[in-house]
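Paired with subunit B in one complex and with subunit C in the other, subunit A is shared by the two complexes that follow.
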Partner chain A sequence: MNKVICVILSLLVLTGCWDQRHFKNYNLALSVGFDQLENGSIIETVSIPTIMGSPEGPLKPKVQIVSSKAPTTLDAREKIDQRISASFDPSKLQVVLVGEDLAKRDIYPVLDGFYRNPNSNLNARLAVVEGSAKEVISVKTPNESRVSQYITGLLESVVLGTYSTGENLQLISAELMEPGEDFTLPILKKVVQGDEQLVEYNGLGLFHNRSYTGEKIKQEDAVLFVLMQGQKGKRARITRKVNNDKAYEPLNYVTIKVMKIKRDLNVKVQGGEVKADLSLKISARILEYPHNQLVSLQIINKLSDRLTRVLTKDAKEIAAKTQSANSDVFSIGRRVKAYYPEVWNQMDWNKDYPNITITPKVEVDVKQHGIIN
Partner chain B sequence: MGFFKKFLVGKSEQGNKQEKAFEHELPQKPHYAQPQQMSSSAQLSENIDYLFSQCKQTGDLKVRALDDGRAALVFYETLVDHEKMQKKIFAPIEMGHVGRIPDLPNSRQMTNLDEAIKKLLSGHVLYFDEDSTRITYFDVTASFNRSVEEPVNEKVVRGSHEGFVENIKTNVNLIRKRIEDKSLVVKYFKVGKKTNTNIAIVYMNGIADPEIVRKIEQRITDISVDMVQSPGFIEEFIEDSTSSPFPQMLNTERPDRVSANIMEGRIAVMAEGSPTSLIAPSTFFMFYQSPDDYNMRWYTGTFIRLIRLTSFLIAIGLPAFYIAVVSFHFEVIPDDLIVPVKSSINDIAYPPLVEALVMVIIIELIREAGIRLPSPVGQTIGIVGGLVIGDAVVRAGLISNLMIIVVALTAIASFVVPSNELSTTLRLLTFPLIFLAGTLGFVGIMFGLLFIAIHLTKLESFGVPYFAPIAPLSLNDLKDTFVRIPLYKMNKRPKDAHPTKQLAMEESREWKKNEQSK
Partner chain C sequence: MSSQSKPMISRRQFFFIIVQTEIGVGVLSMPYDLHGIAKQDGWISLLITAFSLLIILFLLWMLAKRHPSLNFFQILERVFSKWPGKFIIVAYIIYFTSVSVLIVLLFGRMLSLWVLPSTPFWVLSILMVSVCLYLTASGLKIIARLYTSLSLFLFILIFLMVFCFSELEILYILPVAQSGWINIVKGANEGLLSYFGFIVTLVIYTYVEGKPKDKFKTVFWAHCFVTCFYLFVVLVSFTFFSTKEIALVQEPVLYMLKSFQFPIIARIDLFFLSIWVVSVATSFATYLFMTGMGLQTVFQKQSSILVTLAAISIFIISIFFGFESERLELLGNVVVFLGYAFGIFIPIFTLCISALRFKAKKEGGKQSE
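Coming up: the complex of A and B.
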């Protein structure tokens, strides 16, 4: 019995690590933004909701925006800590925003601190901001009480709509390090509408290794681009111009809903040259086609053919864009490395990716046309 | 002197028997037998004097002289029923059926005065007459019984509403009426040197494991105390591990529950003067079964039993989990709950550990105050405690409203258990887990639960594993553990009680096959 008491006491007393963290003693930073300054140091901006409790339930939270200048992120965090009431804690971080200028240099240095801390939330979503991240975090919206909730909601709906691949801190960690694979991050922009400040999704930024290339996939191409990567959100809609002959503009367009995709990437090496065939089969349902004449199979097949043509052309442009940006988002490099290691060893993927041949092929098959003909 | 010698021999034999407890036959008489045996004398006055001196001149020992002092009736006026006495003794004589009292049809005779005192104490009336050593006695015990009514703490919605009373004979009668079988065995023991309490064990011969029966008999005869009040006393004398927080014998006041358990091969222990009966051997999951389960459709029975078992985890673990979350691992709070949680605990002065302890103790105070008070006052206490303290303590900013929710839920969950014994155990187990969670977080909870699991697995009740059918695993017995499958599929008795006859039923729904084959 004495032994047991000794063991329990020493377990409790001698281990010396008292890692209690009382929730009430921490201020949670829910969104954080990083911007580059001319002189090389960075600005870190955080949004901290301060909540006044009341017996009848929580009152509306007030959001406190604090920013500080320092050469490194943790140094900046220390400075923020010295300006707020309790300690700053990133463990419920929801959004990490990176300013365009900083992203173009290198995003890894600002993220390193998050990867090393076991408490940080690796599910936090990442986005690049056109302009400065501080501006977006300081956006005042009347409908949303917290800016972090606003931006998270925005980024989530972007993923649902197949406009983005939904990268978070965890998912990009491998892609940051690995040469044979790159990634994209959604681009956000502050817009002013009357006296209302809003944040807008503005396409996908192509990254090469650890930095933003400056090239972006436009918002209208984003769905096709994400589908080409083999991912599909809850809904995916594509609107394309299929006719030129109608005077009234809406009649020239069709909107389809992507029901199912089958994506196939085939990488082979022929005579030392890397060739990638990217085929994408889309089963579609017509959501909007104001002609109201989808009665015969012939017309529907014709529409399918036109869509196939238009989308294949777009896909080629997208592929060309990734090559000109030197951003291997389709992970072709990884496949070369796996299947043709001797070819890979002779290549310098950072330089050779723009020179390989990518042949995208999109096939659209209209399966349904809604409940009217 | 001869008697004295005999006593000495008997005592030493007894000592030997205790040493080699496993190879002896059970003593038929309890070993606290009479130190002396006094035969009655032919002199009436000598006999009466002896009785009075042995009974210390107690005031309620009455002598009624008959035949001009040539005979006497001796009885405790506080123990006998005067009407019975009138009917059994005086009425037949007056009617002229019988001439003399000793010739009455329901009389019995003996000559031993000390035995006679025992009869006197159990409510008999003794008849002495001059010039005879014969003592005639009649059973005229007065019994004042509660009527058989539903036990307050074990109510059921459907099913029998009978409950045990304080009279052991009535209680055995309630069981015998339910099991009309010749192999239902009742064995009586006298326990308590001074109280001489009547204890009965009831079991099915041919189903109950003889080894367990023997063990229980042995343990009961070993009890050597002055006073045995209730099964609570017996329980502590005969249970395997008194240091365990878990009850190892099931307490119940319901005859249907007892008879069902007897039919599973378990043994019931009852005591005079208490409506509670003990069932041994018991397993942990028996405390979660209620007669109600078998009276509803089996889906509902299963659902409610699952809720009860979940309540076990809630009752011991919820406050600990909450404390661990808000003082160690707040990253597990879902994003959408961050703001409500944060706002409710932000301005609380005390750490969650203190908060929880204060609230749990307040709840225990309210509960304990409510039990002892008469019911109208008890309700007031409930209202004062529940509404006023609960609300005021939050308004004053002493306790967060989340903690109130957590502690209230825990208290409710601990009352869901059908057994009061286990319910108190659960409330007690909350405390170590709260401390562990407050000092070590999730790691502490894990350690605590592990300790409980190890203890449950190791515990035995009369030689059978307490945590059966989980450890040791018996798939067949799981039919009546987490779920309650239809009765006709439970055709085997649970293995944990070691029944000597496993099969409880043969094909009971054969009619269905017959109808389908037509």
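Coming up: the complex of A and C.
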């Protein structure tokens, strides 16, 4: 009797069998791109890596690029399914690329499927592509066998270098939906260098609500911009022109490494007008300043002053740019809502953000100058 | 009736039984439910629930204290005399059964939604019911020990949520009290669902060692612990998701963990879910145990056949009911309503009757320890 019970009970351990998913039955899509067509339908492009065995020699990884046209993303996925050997499975997705034209309309419809499905990987990184996403996914690089690895690596190093805030599918969703908060996504671009195709980081695209405004923070301003959001990657370097008088151009520039930042964002309402003070304190180390004259405290202080002036000017331009794009990336609106709910209820933030006053202030303090003077 | 030696549990075990019974199936969706009515002020609603429950717990304790040597069902029989008492006990058995069915259904729905979409529900149901039946059949002492050791898992749950700390935005719970006090008080009703296990304090009170005052302290601290745990869960999910977004996410806690990744565990949400299953099982087992206790009092028989029958009927009812959203919603509402009746109204009514009938007389002798 006991044995019978044991046998029956051990059957229960086999419950996984209904939901097992064999790797051999699935093709894992690692990167996916969406583009907009004129007539409103979507082109979905996926890269599916497979490993090909050859009679002699090692196994060779190969990447298959498939794309299809359909009105919605899942419909497109069905069509892709009908073109590949096994079932399409997005649960290990690493990168989601959105073409510029699609991003300018609305990115939520293409992402909805990912949010709804419990299997999808919400860690996947997101980027906007200048041109079409299909182009970038189809890039053939000699060094990287997988395009998804290439793009993920690129996006990760962009975050490390403080060029982007490191958004993934889940992390943007709050800003996507909440009024008074916007976000940025890194912009990628395909470049051709000789006969090589490469993908290049090309700044941060400013979003408003659910769509790309078309305005972007340029690559050289991106570090300062990310710092202004109070975030810092593993390293952050800023190069700025601080002199005008040297004939030889490199002598006019200084490169600093940002050691530590302190950001404060104060939102006040005075006389019905929203005022935001954004102060950013940077302690820096000089990485490159080819003068060999950093001997006295005075000169270093002078350099700090100049950097302060130049960066404050840049910060003002950045703030003005977010306003002209109407993209409230600093979540000023949400702060107004939190601290001044009555004011918020009277405002239409979609219209009012460009008219508020943002006063950015950057202070640079050079603390170290490397191992030579 | 209670002449044979009773299984006694320590106050620490009592603490963990309360905690494990209260924390259960509701914890995943509680932030969403609170948010549905009180918006970002749901955490205030939760605190209101917790405070008002404290008063009710005190009343339940008063009732249990008046009859220290009897368990709750025996109290009912004594206070309302034999047959009316038995009638109320049967009503309680039906209530506990319907809560159990609801737990199994919510559990099955959650698993089929998140991890096992093609596993048939009867398998999930039979797994849950059979494991818990095995546990309840071993008696209160074993249950208490197991709950105490399983409580380690609660700290793992807290630990997992700590990973979201870097992405929290306190701004999302501001401005405070924006949704109006009426909604906040209404939201307290939603919070109550997650607390319904509190009736267990009354049911097993007599099996706990110690003086009445100390026992109440245990109840108090267990209640505080559960409230802190819930508050933590609610505040983390309210600040992780934006106010608009949480309205779309039914299981905020799981969803939140989906966006993080450990070096070894790619899907923390699934990891969390498997630990949550333990919490569900402990709640379910307590209800099953209480059902069994009620049945034993009604039939005056010490036998595990009764509780087995109860478990089988829960299994069968759950299969026939199915976890269709609409019906589940209905059952949920019925259970909340019954919860008010059986968790709050009837015990307080019993307390009043007991106070009237046994005014001067003390319950026969002090409990031997």
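Going forward, the second predicted complex is superposed on the first by the 350 of 373 C-alpha atoms of A that agree within 3 Å, B and C clash if a C-alpha of one lies under 4 Å from a C-alpha of the other, contacts with A are read in each partner's own complex, and residues count from 1 in each chain.
Note that a residue touches a chain if its C-beta (ideal position, glycine included) is under 8 Å from a C-beta of that chain, and two chains touch if they have at least 3 such contacts.
Just so it is clear, the model here is predicted, and its values are computed rather than measured.
S.K.: After the superposition on A, what does A:Ala338 contact: first (subunit B), second (subunit C), both or neither?
M.R.: second
S.K.: After superposition on the shared chain, which partner residues are touched by A:Gln94: those of subunit B (first), subunit C (second), both, or neither?
M.R.: A:Gln94 sits against subunit B, while subunit C stays out of touch.
S.K.: Going by the contact rule set out at the top, does A:Asp19 touch subunit B (first), subunit C (second), both, or neither?
M.R.: A:Asp19: touches subunit B and subunit C.
S.K.: For A:Val136, select first, second, both or neither according to whether it touches subunit B, subunit C, the two together, or no partner.
M.R.: neither
S.K.: Figure out whether A:Gln170 sits in contact with subunit B (first) or subunit C (second), or with both, or with neither.
M.R.: After superposition on chain A, A:Gln170 lies in contact with subunit C alone.
S.K.: Using the superposition on chain A as set up above, list the residues of subunit A that contact both subunit B and subunit C.
M.R.: Of subunit A, residues 12, 19, 121 contact subunit B in one complex and subunit C in the other.
S.K.: Give every residue of subunit A touching subunit B within the complex, in rising order.
M.R.: Listed in rising order, the residues are 12, 19-24, 26, 28, 30, 49, 51-55, 57-59, 61, 91-92, 94, 119, 121, 146, 152.
S.K.: Show me the residue ranges of subunit B that touch subunit A in the complex, using the header's touch definition.
M.R.: 325-328, 330-331, 333, 335, 338-348, 351-352, 394-395, 400-401, 439-441
S.K.: How about subunit A: which of its residues touch subunit C in the complex?
M.R.: 9, 12, 15, 18-19, 115, 118, 121-123, 168-171, 173-179, 181, 331, 334-335, 337-339, 341
S.K.: State the interface residues of subunit C toward subunit A in the complex, per the touch definition above.
M.R.: It comes out as residues 113-120, 123-124, 126-127, 130, 167, 169, 171-172, 174-175, 178, 240-245, 248, 255-256, 258-261, 266.
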